[in-house]
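Once you scroll down, you'll see the structures, which are given as structure tokens.
Both complexes shown next keep chain A, but they swap its partner, so chain B is in the first and chain C is in the second.
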Partner chain A sequence: MRTFDTAGIVVPVPPGWEARGVVPPAPAARLPDGSVAYPYVHLANVALPPGRAPYGGGVVEHLGPEGVLLALLEFAPGSARTALFTSHDAPRRLRPTEFSGAQLQRTLRGQLGLQRFFQLGGRALCCYVVMGGPPALRHALGDVNRVLTGLRVHEVVTSR
Partner chain B sequence: MSHRRDAARATDRWVRRLSGALGGGTWSRRSFLARTSIVGSAVAMDLKAFALKPVSAYDAVCGTMSACGDAFTAFCCTINHGANLCPETTYVGGWWKADRSVFCHGAPRYYVDCNGTADAHWGCHCSESPTCDRRKVACNVFRYGNCNLQIANHGTAVVCRVVTCTPPWQWDPTCTETSFSDEVTGTQTAPCLPPPYASPILVKWSDGGGAGGALGPPRGEPRSLTDGDGTWARFEHGAVYDVHWLGVYAVTDPIWAVVRPRIGRDGIGFPAGDATRLRADDGWSQAFANRSSGQQGVDAEAVAVRPLGTHVVTGAVLSKWHALGAQAGLLGYPTSDTVPTADGLGTQGEFAKLHHGAVRYRGAIVAHPATGAHALCGRIYEKWRALGGEQGPLGLPASDRLGLGARHAYRNDFALPSGARVTSRGAIVATDELGTWGVWGFIHARWVADGAQHGPLGCPNSDVVATPDGNGTYATFHPLVAATATTGGAIVSAGGPGTWPLLGSLFATWLADQHGPRVLGMPIGPEVDKSVGGLALRTQPFSSGAVYDSPVGPSCVLYGAILQQYAADGGPTGSLGLPTSSVVVLPSGNERATFQFGTLTATPGGGVTRT
Partner chain C sequence: MIWLVALEAAAIGVLTLVVVALAHSYAGLAARVEETASPRHPAHVDAPHAMIPPHRGDEPTTGVRDLLGATPAGERVLLSLAPTSRDTLLAFLTTSCASCRGLWDELTLAHPSVIPPEVRLVIVSKGEDRESPSQVAALADGIGDVDVVMSSEAWADFDVPGSPYFVLVGRERGDVLGQGTARTWDQVMGLIGVAAGDERVAARTRKSRRDRRQELDVDRVLLEAGVRPGDASLYPVTDDGAARA
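Our next item is the complex of A and B:
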């Protein structure tokens, strides 16, 4: 499998999957409104259209029953010291029973989701997975776990 | 409950009326379209459906994807009785934004998720609102992850969404600045939210929670401020001011209840910021500015503290308070408004330092053209008040608190103003050892001339009081270190040049005379120290006598004919030598004093004989 690196978030990409990273023009720099954007990575077994929202808006609406979206999102480094990010490793092996139709940013009919916050290499991250339907859970969960098992991050690259 | 629903309906009506900032008058579909006149907002508001289909205005103002099946979450104001706030048993779980929003005049519009608390039982359902916002309630178990990071992810659903044009990290301090953008939601709204390009006042009100927020329901129409400063709108618990040269800020109770009649050019000006929470969460503070004052920055600050009430600090008192660290500094919170001094030339305000909600000590700042702006607090403040404050003999503070180099030893200087000049000065000194005492007038001047607390007298340990014989005033002093026979004492004043220190045993001798025969009178000169025949002699003259203090005759009091004869004989350097006793009255009525080398006896009505 080829690997994909976005701002030090390195993942293997299963055959037939697409990976896209979004790195802010100036990582960890303030946007005009004072907020700060951080990198995120999208992997899917469907084509990833432009204009996607960090948690998959613009993609999940088009997932078929076999479609999968995996999003890895980074947060401010200081977040890694908080209760929300206390898990000291990525979720490496997800089980089918961990998914539900409620764990979704947008509870579209038939879809199943899962969200985990964790820290890795001192960086605060969120893993968000959307399965288009039960077929995806049966056939693509292995690929999802291969991505997560191979997930590595470099040391914190942002100064914030 | 019905009251809150009525409020929500009233809110919807008022939202429409306020959106009349776009034009005013009766609100209709066509007029709304004409008034917005913005293509972007037309798209955002699904205006095609609004204009062509026989639907209610409510249907159109919900924007896109407002049905339950669209799988988005309802807006909080839809399910929370009109309040654009997280409902009870929810917490702020995270936020995202839609950039360049017509709802925020081209700035980002922020969406804040309200997640259910771990013990809440919301149950997934579609909104039962009579409006077009039929989106889901408590259905998606999801966290954006950028607010309340101290709360672990316990898997509760997003109950509803708050929307603001105020950045979430300013709206709720638990939110971080970690940013996520999702433009899909940028076209979603609800009847209880401001329409596109709403007036800044309406947006401000909505960002604060709308009818369910601190401002409460609207009261009356938005109005213009006099002199063209901007516009304002009244609400049940406050007002929002849109002032051209300051910005858009809300004033709410409890500050509003106090400052309401004073807001404006003729008063404290207009709000220059929103109210900010004070340290230790014990109240609120809000700045006001008045361009007509010709000053830059803040001209007044209203401070509302639960145990102390709401008070307004202004002008030079405000500047001094901030220079001293404001509420976190020496003086703490205001306990009075800033008011004029008695002569009308200065200003003053009272303060209190709190400790666990109780007053630890009180203080004041007084600003006057004759003395400047100075602060006093604690024991010194209480003494100043007990001595009559600005109407007392000390007048106004002329220095801040000065440390005396010893633990808990402080001094404030004072001055009596006459117009812009000072006519008399004073001081209050507070020490653990001696207590807190005030000196003023000629006595204070002599004390300062003699080195104040660093001189032989030390620090005062009495106020200025009348002498026992009523012929003058005096104050006693004591050194901060151990006293000797030649330190400490008193300054005794018969007024003006007749003000002299009496050190150590000389003061004790004079005071005993004042409480006894009163033969000495008032001091008329300084202590003179010399060596006579190898013996140290201390002498001090009084209006009707003198004291001679030496190893052969401690604290000898001479007066009358015997003193005159002793002086004629050459005094201590004459043939009699040093006194070895005070003048004593014999049973015969004669007076007698002994000396190193003789005795003087005075006969009533007769002369003085030496033996």
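Our next item is the complex of A and C:
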């Protein structure tokens, strides 16, 4: 699997998957490579078009029953001290029973979602997964877990 | 004496005729050169594009199954070439080559009708080490949802000899189904059609690796010498002075 690095959020990308990473031009902090927070990363087993919304708008509408979108979104550094981000590791192994339509940012018929908040490397992050339908849950959850197992997040270097 | 003068006059007459004929010939040649050198000459626009035979059948693939780079807006991208649901047409364009400019413009005006929906078009410029993101962004502006990726790595991965250059990548194994140069999107569509046809007759028309390598070498040498697709010197000239399309 090829490794994909966006602003210190490093993930393995399964064969046939795509990845795109956005770093908005509003620096609150600076990373070792000079990029700025707060970034988000999208991975999917379908083509990722340009011009997507952070929670997958522009992609989820076209997922199909076997499609899956995994979004990793960073929040303001101060968020890591809040109760929402108390988990000190990423979700590494998701189970089918954890997904439901109620967790979708945008409810689309047949789709299932999951959202988890955590901190890693001192950075506040959200893992948001959309399954296009039950077939995706059966066939693509393994790839999702491989991505999450390989996820690494580099610490932020605060700019002076 | 009279005879001598008459002979001299006759010689002058013959010489005058020779000079006039030479001048006429030179004028014709000059006009022809000017005609064929003009970028507005229609024979250039519609001149056939150079074709390089695709890799086929059990011959080795490039092994390139994804494309890593960045968009002009700074987004990092890793696009999958295989396995995926559609064949991918990689269009290697630059901001500086004259032939590329027409392709950018034509795409702005005619997309998405230019590319069939069963093919995913990805425009690949060189990376930030060789191209200005703002210049690429200016050209990419207005072409809708077509992916524009800046990646010098992709140019190296596909051994791109110059621009414009097109590579059609198969969706299943990442095979190079066809590759070559073209000056218009119509010619690119022809390339795709040839690639599809070649796939069907691959078993009967397999070309040796040596021949393919030789043709690639010729293409590279021509590009290095400044002879680009559509160059007048690539095409024979008919008796009436027009380049054969």
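Just so we're on the same page, the second predicted complex is superposed on the first by the 145 of 160 C-alpha atoms of A that agree within 3 Å, B and C clash if a C-alpha of one lies under 4 Å from a C-alpha of the other, contacts with A are read in each partner's own complex, and residues count from 1 in each chain.
Throughout what follows, a contact is a pair of C-beta atoms (placed from the backbone, for glycine too) under 8 Å apart; a residue touches a chain by one contact, two chains touch by 3 or more.
All values derive from a computational prediction rather than experimental measurement.
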Which superposed partner A:Gln103 touches (first chain B, second chain C, both, neither): first
Contacts of A:Gly51 with chain B and chain C, given as first, second, both or neither: both
First, second, both or neither for A:Val144, with chain B first and chain C second: neither
First, second, both or neither for A:Val129, with chain B first and chain C second: neither
Partner chain in contact with A:Val59 - chain B first, chain C second, else both or neither: neither
Touched partner set for A:Ala19, first chain B, second chain C, both or neither: second
Chain A: partner with more touched residues, chain B or chain C: B
Chain B versus chain C as contact partner of A:Ala76, first or second or both or neither: first
Chain B versus chain C as contact partner of A:Leu120, first or second or both or neither: neither
Chain B versus chain C as contact partner of A:Val153, first or second or both or neither: neither
Chain C-contacting residues of chain A that also contact chain B: 51
For the chain A and chain B complex, residues of the former touching the latter: 30-31, 33-38, 51, 53-55, 57-58, 73, 75-76, 78-79, 82-86, 100, 102-109, 113, 115-117, 126
Residue ranges of chain B touching chain A (in the complex, touch as defined): 69, 71-72, 96-97, 107-108, 124, 136, 139-146, 148-153, 155, 157, 167, 169, 176-185
Footprint of chain A on chain C - complex, ascending: 65-66, 68, 71, 74-80, 82-86, 120, 145, 147-148
Complex interface listing, chain A residues touching chain C: 2, 4-6, 13, 15-23, 25, 46-51
